[in-house]
Each structure stands twice: as structure tokens, then as C-alpha cells.
Amino acid sequence: MDIEKAPSMIDGNPEEKVLRSLAEGFPRTISGGEKLKSGVIRAHVERTDLYAVCQTLRDSLGFEHISMISAVDYPDRFELVYHITSYQSRLLLELVTGTPKDDPGVDSVSSVWGGANWQEREAYDLMGVVFRNHPKLERILLPMDTMFHPLRKDFKG
Amino acid sequence: MNLFEFCYGLMHWLVDILNNIWYWLGDFLPWKFGDFFIAIGDLAKAHGTIAVAAILLEVLIIFIIALVSVLNFIWLDRKFMGRIFDFYGPYYVGYRIGGWLQNLADGMKLFVKEVITPSKADKAGFLLAPVVFVASSVLALSTIPLSPDFGVAVNRAGDFVPAGALFAFAAFAIAPFSILVAGWSSNNKYTIIGGMRSAAQMMSYEIPLLLTVASVCLMAGSFSFVDIVAAQSNIWFAIPLALGFIVFLVCIVAEVEIQPFDLPEAEAELVEGWTTEYSGMRFGLFMMTSYLRSYVAGALVTALFLGGWHGFDFIPGPIWFLIKAYIVFIVLTWMRWSLPRIRVDQILQFGWTRLMPLAMLNLLIAAAFKTLGWF
Amino acid sequence: MAQAQKVTFSGWVVRPMMRTMTQFIRSFVTGKPNTVLYPYQKLDLPPTYRGLQTLDFKKCIGCGNCVEICPNDCMWLEKLEDPELGKIERPGVDIGRCLFCGFCAEVCPTCAIHMTSEFELANRDRSKLVLGPTAIRDDTYHERFAEERQKQRLPVLDLSKCTSCEKCAGECPEMCVAMMPMDGVGTSKPEISLHKCTSCGKCAEVCPEKCLVMTDVYEQYFEMPEPKFVLKSCTGCSACAKACPADAIYMLEMPGTEKALKDGKKGKPKKRAVFVLEKCVGCGRCFRACKFKAIEMPGVEK
Amino acid sequence: MAEMWINMGPQHPMTHGLWNLKVKVDGETVVDAEPEVGYLHRGVEKICEDRTYPQIIPIADRLCYGSSLTWSHLYCMTVEDLMDLKVPPRAEHIRVVAIEMQRIASHLMWLAAYAVDLGMMAGFLYAMRDREIFIDLLQALSGSRITYNYPRIGGVAHDLPPNFQRDALRACDYMDKKLKEYEDLYDGSTVFLMRNQGVGILRREDAMNLGVTGPTMRGSGIAYDLRKDHPYSVYPDMDFEVASHPDCDCYARYRVRMVEMRESARIIRQALAKMPQGKWRTIAPRTAPEGTGIGRVEDPRGEGMMYVVGDGTDKPYRLKIRSPIFVSVSAAPKMLIGYKVADVVAIMGTLDMCIGETDR
């Protein structure tokens, strides 16, 4: 796992490699794999398989670092966008998953990446997406007794 | 000059004048009142009463001198700090005397600030701690003579206190106790940690400090400051006892709790340490006294190691003493503003494992010198 | 990369204290300390400094772009009477809410707003921080201080004099002048694509009516919304032309739309608005003034 | 002494802002820690949904008082990614110069705050004094001292002011000289080394897993720098070294920042030498197309990242800001447990907290 010895970007096409192994591992749930630009790829995943995909990403594909978890409130769904970085192959993976409005919940990945812990709490706090099996799913930025999730589009201050 | 005798004479003179008035009134008034006045006059004229009043007057004078000279120390510290840190320091308040009046203005500000006592504090300890802190420090200051015939603490025969050095260090060591009381009685987590640190620091640094003082007293053969300084008329003790000098400097810095060793009031971690809950002039007293203690440290170093009032003849002895004490004070200030703060376990480890053996070694060296008959 | 530093004996006190002593000597002996005695000495501020705004009443056209771009809604337009300029609208600023981002000066199409280097704006009274247009008025600022905004000499069209002679289009070496027909009017007007223009001035020289004039135009940094004209809804009321602060809208008669009156004579022809988009500052006032939905501006609220 | 919880914050000299670190101490030893943030939450992401694209630039400036330019630059980069806008090369070079100056200024501010944490006033004032030089340069460049509002979508606000290149080169030379002085004052001081070496160990695996980025991560021996490994702007043309240190302690993080300042000065020199002529600004479209854009930069504090969703109007549908310190501070208990109360200050000092971006 030495970064210095890791294959550089010139070795083959790392973006394609990641997309192919993802699609092979989870043929039913992974869709829409595309290369956005050099070093940045995007894939959609069903929320049922999110945890397994994330574990595979960390353990066998070398994505050790979760950069950002963003929740977006679309009219028909909540979308969770996981930006995951690989230090070894210098890749950024944009993993997109959707959750319906009436049941906003996905599996927590904070046991996969410790850095996801607070970001999931933030997404829960501001957008109201529930992360199952999270060690401590509490409000983090807003006071504990807040009754609303301000980043939802139906919230009017 | 003997301050006690001066005060004693002053009180004698005052009581004489008052007695004459009282006796004169006693003659005029109806006999019962007159007897009363005459009795008061007799009482006032009694020897012990005048002595007590003289001591009170002396204490007042010392206190005023101490607190006014604290303004000097703070000004010196700020100005020196300013030049070290590349800024002007106090400037506008008292423009013609280099911003000297700034401290006075700050003192005024502290006087008009609200003095808060926390509702859950232990009132007695909270109020008493500043008193003990200030009193013990001024007491330590008062024992140090500026020259053989210019000093404060005298016994009745007119000599300086024969065990002056012991007394000074005894008074100096009271302060950490008051810090502990202040920290405990404030009923605050930061203050209690600060107080405990102070106690731990005092315990580990008092012993090497006193061991070096013992070596100096051994060399001089006396506990009196006058004798100790007189023994340095040929060579300062800082040269033969160089090791002890360094140990003493480190220990005295820890005793007065300035920068590398200011753990009890470590600003970054413990807000203001044991002074966190003190406000207004109570805090002001603590701050002024801490400067006073730095000066006392300088005076002690001067008296014990740097030859006291000995110097070239064209400057009188007390001035020499003050110059040396101020230089030591400046060096302490310089150290204070250029070194980071040490950690609590490191300071204790340093005190017990480095300074203790060095102080013992120093005592051995002093004993060797004495045995060889060089001093 | 540097490895762990070794603990040195001199490091206990000597090395750091020598460092501070050098600084002491440097500031005490060889020169002055680094700080500035503030109320009496002040630092030199660069010309780009963003302090209090000034407003040039004569340059300002009252378009309100500054009010639109302000992120904090701290500017507003105030109607006032000026003895020289008549009834005008000028912006005021509430510096209690101002971010001093400088967008108002940057977006101003005539460069009437400048940011001065005045920064001592504190006041004990919050209401005194609300500065009306007259409070920030300074008509001579641009004379006293150099302009920072880039200017460009561009041909500006006065459509009321234009005869559609097409000489300018023929003269332009960069082919950036195109004659665009105006629906209903029958004639065409020159339309200049400004990003291609090299400011040669040949079109202005050749214009017989002197309706193309080379003028200094400040470079625009922000893309502004453009009005879209719907001819069939236009009633020719000329409310937009009156509202336009930049004189970019001309009301032209449409021949052939005269109503036949009862006595056989022809009445006045119908008018339509014609936009000279090179002059448009994108303020959206025509859009707000039009009551017949003849002007569309996507992204602008009524 | 019995174990007790101490609230270090929200008003505490250690916090450099408004947050709370609950520390459970057994005597002087830390046995548990729990950071609490959110005191400065301003709802920036919600505010941005109600502002047009240019109007957000000054708001992005206000994310971090220590390095505001990086954030407005990151925002502009993100929106340029969304709009597919090409930035003129001169603007890119000017941006790189400005960001690296900001990085030096930010690291100097960190150095100053860290010196105060350790109780060394001299370090504080020297670092603040030298930061002033870079602040002055940025002021000449942009017109303001802290919140520059300098980058624009598709360029920068102004061209370089006259004599800027000369002054900037002079400042870089001055900085190189001063860094040696700092090393005398800090590295040369035994007490400083005693306070730093072996304190606040964050092992390599933990740093990776907990999402710690920036100098804190590089102090744990991971030589990963977005400027090198995910190059943006004109960083591929620049020749610089990624600072990293294998010690994983406070001293390693201190060294990383010191080396980074030197490398930043190098980058400034190169960017000024390579400065092309031409336009420094293009006119950005008012409205962004539907779609998403991401931008990530190497903030002085770590990996700064933004994710913007455009919906075809002139206002972003959603703007998500990734704050490096928000993630790093969640790793604080890992570093704190087992050390003394005084080390809490040193360890949290090396994280370089900036509450403005943490709470947003």
C-alpha cells in the first residue's frame, strides 16, 4: 500500500479499470459509469448495495479517503453524492445514489471510512437523510432541539 | 538609614504633640472627661504602643513604595517587550516620560471595573488569597537591604535581621499557598488545576532553591544579607558557585512563575489559570504582585550572587544594587518573552532529575571551598 | 525532507534568546519599530483599495445595476430633485450592511461609482451609517484620481438619425457591422458585434448623418440579461423608451399600419420599440415598465 | 484526583474561534475528548441558493478568515467547471501567485497562533509582522486586506498593479530569510522541541481512514498534495516539492508547514517569471447550464472541495462545501487521548482550526 510505489496514472487507464471492476462486481446495482475528465469518474449505485460497494472500493480498489458527502434535494428524490479519493491511483470517484423522499435513508459508511462520520451527521442535520447503523446520528451544526432540516427545498426560513 | 527608627521617631514626635493637646484639654474639661483623656495620653505614650504604630506606618510606607515601583517594573517590561517584538510599547499616555503613565491609566481602569465574587466561591478563601499573596511578597521585599545602612527590616537593636535570607525565602514561599487557596476557593476547574500545578511546582523547586541558598550561606558563614554581601567584596559568588547560580536562576524563575514556567496561569490551556475568576482590582493586585515578585527575584539574585551593593565607588551602593536588580529583572523579562512554556510533567521531571542533583553538587562544591579555606 | 531536530544544550535558553536580542538591537538601535502609530500615522493605501463608495451624479444614469448585483441588498435607488439634473434616481448605500466587495463599482456601466480609500467609517449611531445618494456624492472624484476601469473607443449608434445607408457596414474592415432589418419598420439598422471591433473608427468617419459616434465605453465585466422584444404584443406606448436609462430604445413608426379614419385620411402610424443592444446596460427597467408583456427578460424579476 | 470533564471552549484561548472541546481529564492526563462545533453556523450553503453566481464570490470569501482567497478561488473554479469556461492563462498565473501568497499568509497566521498556544509571544508577533507583508501585497492586488473578493468566474478582478512583480519577489526573498530566523527561534529552542516531539501522534492508517487532509495528513507521512496529484490551474507547470514528514507528531506538522511556506515562495517566483501577457478576464455567462461541477483545491488547511448543481437559472440549485477542518477535527480524539492537558493546546494548534469554514 505504499503510495510511492503505487502505479502512476500512466499505467494503463485507471479510470476504466475501476469502472470495469465495479460493474463486474455489482452488475445489477451499478449503472451509468462514465469518465468525466482525467482522474474523475462517476457511477450510480442503488442504495441497497451502497455499503457493499463502499467496502469493495476501500478494500480492493484502494479508495482510502472519503472527500465529501453531499446531499441534494431534487423534486423527486434525495441524491447522495459520495466523492471518494484514491491516494494510490490519484482518482476521484463520484458515487451517486438516490433515496426516495418519503423514506430518506441509506446505510452509513462511517465504519468503512472514519472520515464519513461527521459528514453523515452533517447531511442528517441539514438535509434530514437518515444513515442506518451510524454510531452517533445527532445534529452537529444546528442546536439539538431544532425541528427542521434547513437545506431542504421546502424549508422557508 | 533605618526606616524603623525614622518611623519610630516620627510616631514619637506625633504622640508628643497629641499628648500635649490631650493633657491641655484634660485640664480644661470636667474632671471625668479629663481623666479619660489623660489616660489615653498615657497609654499612647507607652513604649510598646508607639512601636506598634511605627511598625504599621512602616508597613504602609513599604507598601506604597512597592506598588509605585511596580509601575516602574511594568513599564520597563512593556517597553523592553515592545522593542523585542518590534513595536513601540506604551507611548502616548505620558508621552514625555516614555509612556510611563500608561500603567497608571491601566490601574485606574482596573479600579473602576466591577469586582465580581462568584456565587459558588468559598468567600473567605477567595477574599483572603489576594491579601496573603500581596502581603507575603511585600514582606519578602522588605527583608532585602539595599545597602548596610539602607534597609527596612531591623531588629530593635538597629541591626538588620540576622536570619534575613531565611526570612526572605520563608516569606517568598507563602505565595504558592495563597495561589492554591485562590484556585481552590474560586470553585472553577481551571483554577483548581492551576492551583494544584502551583503547589506541585513549589514543592519540586523549593528544595533545589534552598539548597543553593544554603551553599551561599555556607560560603558567607551567615544568614544575614549584610554579611552575605560583605563576603562578596572580593569576588561575586556567581563565579565560584556558577553551577549554583544557574540552578538558582532556574528555580527562582519557577518560583515567581514567569514565562517558561508559568504553568499555574498558563494562558493558552487554563484560560488565566488560578486568576480566572478574579476581576477588577483583585486581578490587578495579582498582576502587580507578580511583577513585584520578579523584581524580588532580581534583588535576591543580586544579593546572593552578584555582589549586592559592591561596585565602583563613584556610584553609591544602593544605586548599584538597584542597577543589578533591574538588569536581572530585564534578563528574566527577556527570557519570559522568548521561550515557550514547558509542560507540567516535564517541569517536574526537570526539577527532580536535573536541578536536585546539580544543587547537591553545588552544595558539595561550596563545602569544598570552605574546607579548603579559600573563603 | 528535514529529519527530527536534535536537542541542543544552547537551545535551552541561548538560541531563542539571541534571536529576540537581535530583533531588540535591530529595532532599538538601528531603526524604528515596525508598527505605525495609528491615529497620527497611517499606512499608504493602494489605489485599488475598497473603502467608502462615492457617486458621480453626472455620470450616473440611474440604471440600478449596482442595486441588482449587491449581494447584501445594502443599496437602493432614491428619487430626488437636483437643480441641475432635474428629476433623477440615484443609489444610496447602507455601509452598516456593506461587504465592501466592490461589485457596485465594477458593474456600473458608466463608472459613476468609485471605491475610495476612506475606511474610518465607524459611528456610534447605526442610522448614520445609512448614506443617501447626496451623502456619497462626489462629482469630481474621477478628475482627482486616476481611472482604474478599462475604456474602449466604440461606435455608438443614435438610431433616430440613421438613414440605413449601409455605408458603415461596407466600410468596416473586420466585417463586424451588419445591417439587421427591423420588422415592421421596413428599414434596417447597423448592428455592431462589439467583441470583434478594433476601434478603428472608420464607420463613424463614413457615416453621413453622424449618427455613429466613437465614444469611450467602459469595459463590461458581467454578462447582463438582454431584453427580448415581442413585436405582436407591442402597442407602441413608449413606456419602455421613457424608462430606459441608457437611451437604447427608440420608438420607430411602422409604415403601412396607419388606421384608416372615417374621412378617408390616414391616421398616425403605429410605433414599435427598437433596441440598440450595444447601448443596453441590462438593467431590466423596460421589462418592468412594459405592461403588455412585449419585452421578455429571462432571469429578471418584475 | 477524580476524572472530570473540562469544557475547553466556546470561549477559550485555545479554540481560535468559537467551538468547544470537551476534555475528560484524570488529573492532568486526557482520557476522553469530544469536539463540538456549530456555534458559528451561518447557513452559507442555504444563502448561496438565493444568490446569483457572481454574488456568491464575496460570500465564499467569508468562509475562512485565514485564507479567504482560496475559497473564492475554489468557488470560481467550481462554477467554471460547471459552465465549461476557459480561463485566460494570465488570469491563471495571477491566481496562482495570489493563492500561494495567501497560503504563506495563512501559514504565518497559524505559526503565530501556534506560538501563542505554546506560550511564546515572540513567535506570535514576528509571524504576524511578516504576514503583514503578504497581506499588503494582496491588498495592492485586490483592494482589501482579509476578504479579497479577487477571483471572478472566468478570471480575476484586476490586472497586476504596477511594481507588483518587484515587490512580490522582494517579499519572497525576505520570507526565505525570515524562515531561517523562525527555525532559530522554534527549532532551535529545546523547550519547543520538548513540547512537540512525540506529541499528538496520528498514525498513517488513522490519518487516511479518518479523512484528515492537508498538512496534518502530510505530517503523518502521506505525501499527497492536490496541487501535485490532482493538478489544477497552472500547477503542472510549476516545479515544487510536496512537503511531508514521517514522524506523525506535532513537530512533523510544524515542519510540513514551514517547508510549504518555502515551496510557496518558490512557486510565486516561477509563476511571476512565467506570467504571460494578455487578458486577465473573460465575461462569464449569467446562467449556468443544468449539470454538476466539482472543484477541489489544496487549501492551506487541507482539501477544500465544492460541489455545485446548476439548474439553468442564474442561481445555483445546490452548493455543497467540503471543509477540511470539519473532517480533521473529528479525528481530534484519536490524537488527544493519553496526552496532557497542555498538549491539547499543542495538538489542536497543529490542526490550524478555522471555525468560519468548519461551521459554514
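As written, the chains take the letters A, B, C and D, and residue 1 is the first residue of each chain.
Rule of thumb we're sticking to: a residue touches a chain if its C-beta (ideal position, glycine included) is under 8 Å from a C-beta of that chain, and two chains touch if they have at least 3 such contacts.
Since the structure is predicted, the reported quantities are computational estimates derived from the model, not experimental observations.
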* **Most widely separated chain from chain A, with each centre as the mean of CA atoms** => B
* Can you give the whole-Å distance between the Cα centres of chain B and chain D? -> 47
* Structure fact -> For the pair chain A and chain D, the C-alpha centroid-to-centroid distance in angstrom is 24
* **Centre-of-Cα separation between chain C and chain A, whole angstrom** => 44
* Approximate Å spacing (C-alpha centroids) for the pair chain A, chain B -> 65
* Find every residue in chain A that makes contact with two or more other chains and list them. => none
* To do: Please list all residues of chain D that touch 2 or more other chains.
  => 120, 122, 126, 129, 185, 189, 191-192, 194
* Would you give the residues of chain B that are in contact with at least 2 other chains, written as numbers and ranges? => 84-87, 337-339
* To do: Name the graph shape formed by the protein chains and their touching pairs; answer line, ring, star, complete or other.
  => other
* Structure fact -> In contact, pair by pair, are chains A-D, B-C, B-D, C-D
* Where on chain A does chain D make contact in their complex? -> 3-4, 39-40, 64-68, 70-73, 81, 83, 85, 87, 90, 92, 94, 113-119, 122, 126, 139-143, 150-151, 157
* Quick one: which bits of chain D touch chain B in the complex? Just the residue numbers, please. => 1, 4, 6, 8, 12-14, 28, 115-123, 125-126, 129, 185, 189, 191-192, 194-195, 340-345
* Structure fact -> In the complex, chain B touches chain C at residues 80, 82-88, 91, 334-335, 337-339
* **Residues of chain D defined as touching chain C within the complex** => 51-52, 54-59, 61, 120, 122, 126, 129, 136, 139-144, 147, 149, 152, 157-158, 161, 181, 184-185, 187-194, 197, 243-247, 251, 255, 259, 281, 283-287, 313-314
* Asked: Along chain C, where are the residues that touch chain D in the complex?
  -> 1-2, 4-5, 7-12, 15-16, 18-20, 23, 34, 43, 45-50, 69-71, 99-103, 106, 115, 148, 220-225, 298-299
